[in-house]
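As written, the chain order gives the labels A, B, C, D and E, with residue 1 at the start of each chain.
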Amino acid sequence: MAEPILKVNSVTKCFGGLTAVDDVSFSVEKGEIVGLIGPNGAGKTTLFNVISGYYAPTKGSVIFQGNDISGKPPYHLAGVGIGRTFQVVKPFAGLTVLENVTIASFLKHPKKADAERHAWQVLETTGLADRANVSAAGLTLAGRKRLEISKALALDPSFLLLDEVVAGLNPTEADRTVELIMKLKAQGLTILIVEHIMRVIMNISDRLVVLNFGKKIAEGTPSEVSSDPHVVQAYFGEEAA
Amino acid sequence: MMELLPQALTDGILLGGIYITIAIAFSLTYGVMHVIDFAVGEWIMFGAFTGYYLNKWTGLDPFLFLPVIFVLYFGVGYVIQPVIHRVLSGTKGNPFLMGLVFTFGLAIMFRGLALTAFGFYSNSIPSAFSEGSFNLEPLGLTVTIPTVRLVGLGYAVAITLILHYLLKKTNFGLGVRALAQHKDAAGLMGVNSKRTGSYVYGIYVGISAMTGVLLGCILSIGAQMGNEYTIFAFFVVVLAGMGYLAGVPWAALLLGLVQSIFMIYFNPSHTLLAVFAILYIILLISPRGLFGKGV
Amino acid sequence: MKNRGATILAIIGAALLILPLVMHDTFVLRVLTEGIMWIGLAIAFDVIAGYTGYLNFGHGAFFGIGAYTIGILMMQANLPFWAALPLGGVAAGITALIAGIPTLRLKGAYFAIATWALSRAIQQLALNVEFTGGPDGMRLEAFLNPQFFYYLMLITVGVIFATLWYLLERAPFGLKLKAIREDEEGAKALGLNPTKLKMQSFILSALPTGILGGIYAYWITFIDPSSTLGDLVSDQAVVMVVFGGMGTLFGPALGAILIFAFKTLFWAYLSDFQLLYLIILGALIAISVIFIPNGLWGTMVKRKAGATRPEQKAEPASEPAALSAVAAPEEGN
Amino acid sequence: MKFGFVRVLLLIAALFVAIPAYAEQRNFFKIGVITELSGDLVTGGNITKRGYDLWAQEVNAKGGIEVQGKKYPVKLVYADAQSNPAAGAAAAERLITQEKVDFILGPYSSGVTLAVAPVVDKYKIPMITGSAESPLIWKNKFKYTFGTIPPINFTGATSIKTLTEMKPAPKTIAIIGSNDAFSKATAEAYKTAAEKAKLKIVKFSIVPSGQDMTPLLSAVRSMKPDVIAFGGHDEEHVKFVKALKQIGYTPKALLMHCGITDKAFIDAVGKDGEQIFGTTCWTGTAKTKSKVLWPNAAAYAAASQKAYNNPGDYTQGGCSAAGIAFQTALQKVGAKPGMDEAMRTKLIQALEQIDVQTFYGRVKFATSGEFYHANVGLDPLTVQIQGGHVKTVGPKASVEAPAIYPMKEWKSR
Amino acid sequence: MNLLDVNGISVNYGDIQALWNISFSVAKGQLVALIGANGAGKTTTLKSLCGLIPTASGTIHYDGKLVTGMPVHKVVDLGITLVPEGRQLFPKMTVEENLLVGAYLKRAHGKRAQTLKRIYEIFPRLEERRTQTAETLSGGEQQMVAIGRALMQDPQVIMFDEPSLGLAPIMVQEVFKVIQELHNQGLTIFLVEQNVHQTLKVADYCYVMENGRIVGQGTGKDLEADESIREAYLGF
């Protein structure tokens, strides 16, 4: 088997006394979709921030395509092919949708005309083209989530970190987003996704990694994971003894 | 030169006392309302002139009027605060910046009003305390402490203690601190953010106005005096860490001591250069003030 | 629309170019020269304040450094004006570089006050060293040709405007800066290096300011620490930019024209009411902040667009990012 | 909306054009006044303005300036220099090109004067400043700029000399100056004079403007100088006296300069102002005799008292004297309102040759050397505040009252 | 009698509608729960109840009084309080000060010494840490302070927003024990939770929320048997 595209080696991240991520290891193979799940506050977003360079791990390392990227700044990681979205969508509110995506396109297309052309293409893919010229602040939540994906995609990444891009959408919109993710996978992208909507993540993930209290409590295919008693307990709370 | 050191330290501390009174309420206002009030010097100036005229009309010692001036300017601050609140809670543009520019406009306007109303001459407020000084020679120290400056330091200590008491020991103070730390949670505790903000701003304007009287007794007053004190208020508050009240006395004393030591032991014309260089260096090393506790 | 805008700009430009040929009032030329200078200063200030979101209260320092550089080079090194002028810009740019390394790490009020302290320190430095003439200031050789300075200022500011317009509105750079302004953290994920971009914008703001300072020095023939290194330039620039509308080039230009015109008319024809000027200016600033927080241009452009942009209600952030709530759900199609 | 923008521009343009520069045949002298009516130097600017105003008022009360048998009233047109050299230069340009003034009465501060002087040179419009006295101006040898107040380096020596004549003679001096052009020049002038008079200078310091000087004065106190001399502006004078009093050090003599002659200073510090020495060229009680306007200083002081509730200080007097200088020169060359360039050149020549006794004293401008175009006709005076009044205490020829020396302790006042 | 009556409220964030015509009620002395996936609108509901965010339409009555449009400090004065998500303590204040802020209202101020004593009895750990600043506490301790602070207000209704969020299992147990305890003492409780099992067990009545709408309701027992809840949460 080829070298995994991403390897997370015993990553620990502490904030003061709080250990948000505790000795987590897993890897992602090229072309797969790995779901990262766990109850609220389990440390998923923190782990995302470590992988995407926002936090340096307190311990452990992150290896991307064979290179140690732990502690490298996010803009460097964007350059080597890691795109990410944010859980709390924060578009550049004062700018239009097209401008938002164009900014990301500059990474691979330094000329403005090229970047804009590329941004249009991305918007076509994500279905936002008809809203290209509206202010990003004027988008609906679904639109903003799609804009998040568009921005990440405009980087032409080889690896995508998606943080709750479905949560909060109605079923129709959710289905469209799932469709989009599957399309991206078909194009060869590797994806690590955090999602709360189980329906979605169970369907699209090749493998799941489950976190609780910052620790990895399970890993495996969706069916393996869903029958794991630890996981069920993590989600529904402990049965009172 | 070493025999000057006790006097240098005394002068520095007394000067620091003045800076405390300029900065402490200003810092409180920043902590609670998150506004940098460019008009701080103008409040001081207005207070100074009010004291000056009250003294002129009644012939009574200006220190007797401090409560009157406080109440008067508390009212002024209380009335103005909602406007500032409105600017700061705006959703358009950059509210922080707008707050800054708004008070900047106020400061310009106040200066114009003062020049019109009070004229352009420098003046001084006479007080019984202006006479006399204490000599520490009996203690073997060649140190002179001017009474009026000692009163100033006493005022600074009193204001600091009163604010400390108000903030730490009263229910109102608890509400103010809660508001400064977490606005929504404070609301959930029943703190009326608008009214509390008005009280705080009123207290700040009132204290600044009283400080003006003091400065008029120690130094001089004039319609354009505000700017200079605004500078020192900024300096102290930033050095202390913005909104970090406990840091203010230390920052103010440091400023006073730096000025005093520099004037005596180095080239006095470099005093301000040194002061700004220190501010700059401290911001580099610890961007949130001396104690790293600014907000 | 774009064509019409370009046409109007071209007409204004042409009118400004022809003006001295048909009008010989040197006072009006002088006023226009200064007005144009303020446009340049305001738009240069807006690069860092409006586009990048960092309020520089020490902008005047760049102006003064430019002025002093030209003064010193011309009077003490006997350099010709044309050789000295670019060096004024370079000196301001280098100052921005040195000043920016530490200050650009600071946010909001701290940045504003740190830059302001820095400009004060520079002013004190100029007061205390020999080669600036200290408090006496410095006199430059008088070359009082109104047409020369008018054209010099017009062309310089024209070039500054065009360059900034190209960089900020046409080239990727402006968009990148806006991304930093809107969300510095988020911008990192898109491959932008905020530190580098902020520094570039700081230098881009300083450089033209230094050049304008240099022209000013040669034009006015006398500079001293209080007039070139004081708060005047920063204060005026703030007022003009906020009044006109931040984050655009036309807004600050409009603000500069209006504020400067108001000031000049008041000054020229209502001198007896000079103190009233302060009161009116102060009130104007305060009132415009309350009623047109987006500035004149921002308000005008929006009204034209016919739709007001709904402002995003800031989501209350809870402490560690790991615990933050998800955005509110929304309407289905 | 772009049209809105254009409309605004047009409106502004229209405003500038609408108030036209009318070239009129007038029967009065139109005089531009450039001074600091706003900004940091507003105090000095307004004192300057009073001086010019009082002169114009007096001239007009007499029906105007009589030139070849016909009286021409004067009309002053003000332009605020905003304490800013650029605004000063613009003011000059406007007064000259738009208002078409006949001549100009100049700014309070040296900085603004230095920016205005090249402009008046260029248009060949004469200017007399009644206030600016920095040595720098005269070193630059501007052809069209004159000044009625002698530079401080011309006057400073007198007071030092007066002090050295006191008994017992002072031996040591501490000199402090504020770090602005005028104050620093004052301090340096005192320093030069003290060195010449063989006084021991125990301290010479320049301090940033507007600061509290107490710590420095504490250091000075430890050196126990006989004389303390200070160069500063009005607000600093007040601070200085109070600081000195607060630390409880009374030198044998405290020397400031012209600023203390203003009634406002005496009002501000009250009895603490007593016995402070100053350097000036004129006081309301100076023994002057004149045939132009006011017959002597006392008459001027009375007029000023009536107009401003203030007898006026030497800056104000200098400004009124500037008017008189013009007046005299105009009469001499027979200039009428609306002078052409040739006439103005003649006026300059007349000014260079002027030698007139005014209420202010003798006005005579130097025509060469480091005081080029500054008034060197005056005798500098040493003054002292006595009983709330400014009394001349030196040099001998002008003494009104004997100097009180040493100074009375602050405490026992 | 219903203490809290929510009738058809809608809430917008800018142009985005977050709540759609929400109606429910809480009777005096009941423990009512609101469950739903992340982002369903639970926190928004709570915030609009106590006046932290404005409602676009609909009414909220508390004890017969209309509270819609009231500022938050007036709402809490009526006797409703919220233990907010993420605790929202005053980080630089000590534990005791945090608790005392709870008694800021005149209504509660008089009995504050007494209430404080009671709270220290419920949470002895807080008494040990009373002089420590809130930011130095562990998550569980912070949650205790948040609950204690709410109790200091002497409320009739306490609303909890995900009190077990981010807590260790042992602490979750503790928190639920406290909630149950308070309920037993007669307090009215409105609980928003993600810990479905525990919640359904303690709740008298439950509402289920999805996408800003109430999509189901019933007693805890009814819903526990309902497969759709399990599906909504886990998708299997």
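A few comments on the model shown:
What we mean here is this: a residue touches a chain if its C-beta (ideal position, glycine included) is under 8 Å from a C-beta of that chain, and two chains touch if they have at least 3 such contacts.
This structure is a prediction, so every number in the text was calculated from the model and none was measured.
Minimum number of contact steps separating chain A from chain D: 2. Traced through touching neighbours, the fewest hops from chain B to chain C number 1. Per-chain CA centroids place chain A at a distance of 50 Å from chain B.
For this pair, chain B with chain E, the centres built from the Cα atoms lie 42 Å apart. Chain C and chain E, compared by their mean Cα positions, are separated by 50 Å. In whole angstrom, the spacing between the mean C-alpha positions of chain D and chain E is 75. With touch defined as above, residues shared between interfaces to two or more other chains in chain B number as follows: 115, 184, 267, 269, 272. With touch defined as above, residues shared between interfaces to two or more other chains in chain E number as follows: 14-16, 38-39, 88, 165-166, 211. Multi-chain contact residues, meaning those touching two or more other chains, occur in chain D at positions 38, 40, 179, 208. Partner chain B is touched in their complex by these residues of chain C: 53, 55, 102-103, 105-106, 108-110, 112-114, 116-118, 120-121, 124-125, 127-128, 235, 238-239, 242, 246, 275-287, 289-290, 293-295, 298, 311, 313, 316.
Per the touch definition, chain E reaches chain A in the complex via residues 14-16, 37-39, 136, 138-139, 162, 164-166, 168-169, 172-173, 176, 194-199, 201, 211, 231, 233-236. Every residue of chain B that touches chain E in the complex is listed here, in rising order: 171, 174-175, 177-178, 181-182, 184-194.
Interface of chain B with chain D (complex): residues 3-4, 7-8, 11-12, 14-15, 18, 115, 120-124, 126, 130-133, 135, 142, 144, 146, 148-149, 218-220, 222, 224-225, 228, 259-261, 263-264, 267-269, 271-272. Residue ranges on chain A touching chain C, taken from their complex, read 15, 18, 20, 40-41, 43-46, 49, 52-54, 73-75, 78-79, 83-84, 86-95, 99, 102-104, 106-107, 110-112, 115, 135, 137-138, 140-142, 144, 151-152, 154-155, 164, 167-170, 172-173, 196.
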